[in-house]
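Order of writing sets the labels: A, B, C and D. Residues in every chain begin at 1.
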Amino acid sequence: MAITRKRAFYLILIFLIIIDICLLAYVTFYPVDSSLKVGAWTFDLILCVVLWIEFIYSYYHCDDRKQYMRDNGLSILGMLPLNFYFLRALRLIKLVQMIKLYVLARDSEKAFTRFLKRTYLDKILFVAILFIFLLTVLIRIVDSDIHDLATALWYIVVSATSTGYGDIVPTTVSGRIVGIIAMVGGILIFSTLTAVISSIYVSRISRDTRDDLESKIEDLTLEVSKLNEKLDELKNEKD
Amino acid sequence: MAITRKRAFYLILIFLIIIDICLLAYVTFYPVDSSLKVGAWTFDLILCVVLWIEFIYSYYHCDDRKQYMRDNGLSILGMLPLNFYFLRALRLIKLVQMIKLYVLARDSEKAFTRFLKRTYLDKILFVAILFIFLLTVLIRIVDSDIHDLATALWYIVVSATSTGYGDIVPTTVSGRIVGIIAMVGGILIFSTLTAVISSIYVSRISRDTRDDLESKIEDLTLEVSKLNEKLDELKNEKD
Amino acid sequence: MAITRKRAFYLILIFLIIIDICLLAYVTFYPVDSSLKVGAWTFDLILCVVLWIEFIYSYYHCDDRKQYMRDNGLSILGMLPLNFYFLRALRLIKLVQMIKLYVLARDSEKAFTRFLKRTYLDKILFVAILFIFLLTVLIRIVDSDIHDLATALWYIVVSATSTGYGDIVPTTVSGRIVGIIAMVGGILIFSTLTAVISSIYVSRISRDTRDDLESKIEDLTLEVSKLNEKLDELKNEKD
Amino acid sequence: MAITRKRAFYLILIFLIIIDICLLAYVTFYPVDSSLKVGAWTFDLILCVVLWIEFIYSYYHCDDRKQYMRDNGLSILGMLPLNFYFLRALRLIKLVQMIKLYVLARDSEKAFTRFLKRTYLDKILFVAILFIFLLTVLIRIVDSDIHDLATALWYIVVSATSTGYGDIVPTTVSGRIVGIIAMVGGILIFSTLTAVISSIYVSRISRDTRDDLESKIEDLTLEVSKLNEKLDELKNEKD
């Protein structure tokens, strides 16, 4: 029951964060009148308060506070009600965390938890999101040809996936340095993703191999236990 | 014998579907007069009826109907005689399924079946085809610079393989979102493919390791069973 | 001694093939006067005769002729003295084969032979070379914007590595189909290469695991053999 | 204590090399007046002397001088006080080596040392840096459109990551050959990186499998050793 209530609560939070992200994205990327902007910012502020309450509550009720801070400390970034509009995109981090918590609340999904723990997939996603947003802000500041954040984001994604259409190309040294970081970093992130997907297949093959060998060892164990019984009999006969 | 007849039947269907796809592609991408179009559509309609008969027949004669729907349910998409010309490309899904059925009908190809089951290669191919076609339709609708489906398909493939010539670049926010989905999705699909190819090598290495260890354990089991015999002898001597 | 002579012979052949390839490439890609062309073609013709003699000699002196044809049959493509200048690039296949034979002649390099056999690296390289040359010829024929083979090769390599500068982009449907084959095929080839490199690391890890487990099993075997000895003693005492 | 002092020394060297690289990069890529240039070159010369002293000292105090040359021989390239400004970038190799030495000096980081030894990550990084710088110099010499080293470096990175914006494209045959080497070499380097990341996951899975099997075998060994004891008892009773 507690689990059902918890999950319902997380589901509502996920829903609210998605609405919040869409609203803020709309307000950021499209020209809108200020009343809508104020509305979106108020909604965002209220959501931040709710997220902080949930965070503090969870912190005081968890088993191991140090472990909790290590696991969720970074998600604090996703709860800052900063007025600098772009940093609100960090709310995405909070979304990832909430989805993770929602999944974790399902006690039947232990395999998924183990999978996350073994592959660090949530950490990789987190780093990827942070990486893309930091570089987006950076290239926007550094390159004078990129006039808005939507274009900056487009440039970074096109570079990080090593697609490189060439519609936007930095020409200054500092812009090119950001570009190189985006390209190399992007390859590293996607390489890690390839490695994670590979590890799924490998772990299955490894499990099969282990099962085969274990059954062989069990045969041996059976043989040895027979030996044990016979020896016991021999001893008993003697006594 | 039944297998030979089954395989011949599937081979004919594969042949018909390939002709159908080529005809429809020709009619879609090249300007032709309407009489040829009507001819192609009639041929397509007849093929769809044949495919439906095969599908319903197989459904009523299979061992586990639920399992059948789970395995082949998606291929229904490949049998729709939709007039919206592009969706006919979904006939490709049916082609993949037919080739799979043809291969499965060969009882000697159990290794291949196991390989498909372990790597989900057919599912990945299916997702890749669906992914490319959905995005092709989407970018055609969303981007005003792309006037035909051939160009849309070209743009999506160029983006999904992260080649990015830059001859076609979306400039609107919605077009760029489709582009980002194509780029990231394409990398994920090709990463999974890399993982599948890796798993082939790994499974071979793993098999070698397992065989080495198994033979060692078997030697040991033999040794222990000899011991068992000796103990039996000892016991018999005593009695 | 026979091995040393064999290796010297292969080394000379490798040297001659490299000179031949460079000469033919120079004659193909740069404008030269016809006397040099005739010279290059004569040299190439003589080399082909030498290669055929080596091939027929090896065929009649090998242990298993069927196996020989299966292993080296494709290299026949690299010995055709075709006048169509581009196909002479197939001489590269012969180069790969010669290097392989040179390495195989070193009896100490058994690990390398095993590596080639396990990873099919030579087959992958062969397929890659053939793939690139076939597509180069195809795009040259199909696309009217590409006027020479050097540009065609450049386009295919830029596409197959998914770099996609966008300096040359096919605009016809048939040119784009060749482009798509180059992009997707290139990814598959480089994915397989990634898998091969992965398998080197995995095989090392797997070997460590196997060694660890084998030493444990050996401990167990020792324990069991002790049991054996004791049982023998017991039996002897009794008699 | 010796370790702490060693580490402090390496830390200072790392710090000095970073300053040196930044200074030289600034002097190379930006137009500055000659007094600053002379300053930077003097600083670089002094650093080279310090590095040579460290190198010779370590060489005379190491356990195995042949092994030392094999491990660190290449880093000599990073200590040459060449006046040709670009080759000073080779100082990066020295940086990588210093960071490695710094890490190795921490006795607690044996797992990291083993990781480096198993994956050759430092060697791969070294090859990657050398590869990029050699090609940068080469394309600068070969291609007449590329007027400075910053642009040459940009072109090589854009090609080696297979991004290919298309803002700079070689048009001569020799420029294109360098481009092809950059593209194919880049893919190989990043493939190897993917393989290294994969191997981290695989080694963890492999360790789990091994631990499972080892504990099973150990249980069995215990069982057999108990059997041994019983037999001893039986024997003693008899006597």
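One rule holds in what follows: a residue touches a chain if its C-beta (ideal position, glycine included) is under 8 Å from a C-beta of that chain, and two chains touch if they have at least 3 such contacts.
On a predicted model such as this, the values are computed, not experimentally measured, just so you know.
S.K.: Which angle of rotation, from 0 to 180°, maps the CA atoms of chain C onto the equivalent atoms of chain D, to the nearest 5?
M.R.: Fitting chain C to chain D on C-alpha positions yields an angle of 90 degrees.
S.K.: Name whichever of A-D and B-D has more C-beta pairs touching across its two chains.
M.R.: By the number of C-beta pairs in contact, the winner is A-D.
S.K.: Between C-D, A-C or B-D, which repeats the contact pattern of B-C in over half of its pairs?
M.R.: The pair repeating the interface of B-C is C-D.
S.K.: Using the average of all C-alpha atoms in each chain as its centre, how far is it in Å between chain A and chain D?
M.R.: 29
S.K.: Would you kindly tell me how far, in whole Å, the mean C-alpha position of chain D lies from that of chain B?
M.R.: For chain B versus chain D, the centre distance works out to 41 Å.
S.K.: Could you list the positions in chain B whose residues touch two or more of the other chains?
M.R.: Touching at least two other chains: 162-166, 194, 198, 202, 206, 209, 213, 217, 220, 224, 227, 231, 234.
S.K.: Which category does the touching pattern between chains fall into here: line, ring, star, complete, or other?
M.R.: Here the contact pattern is complete, since every chain touches every other one.
S.K.: Under the definition above, what is the set of chain A residues touching chain B in their complex?
M.R.: 29-30, 150, 154, 157-158, 161-167, 190, 193-194, 197-198, 200-202, 204-206, 208-209, 212-213, 216-217, 219-220, 223-224, 226-227, 230-231, 233-234, 237
S.K.: Please give the residue numbers of chain A that touch chain C in the complex, ascending.
M.R.: Per the stated touch rule, the residues are 162-166, 194, 198, 202, 227.
S.K.: Taking the touch rule as given, give the residues of chain A at its contact with chain D in the complex, in rising order.
M.R.: Spelled out, the residues of chain A in touch with chain D are 118-119, 159, 162-166, 169, 173, 176, 179-180, 183-184, 187-188, 191-192, 194-196, 198-199, 202-203, 206-207, 209-210, 213-214, 217, 220-221, 224-225, 227-228, 231-232, 234-235, 238.
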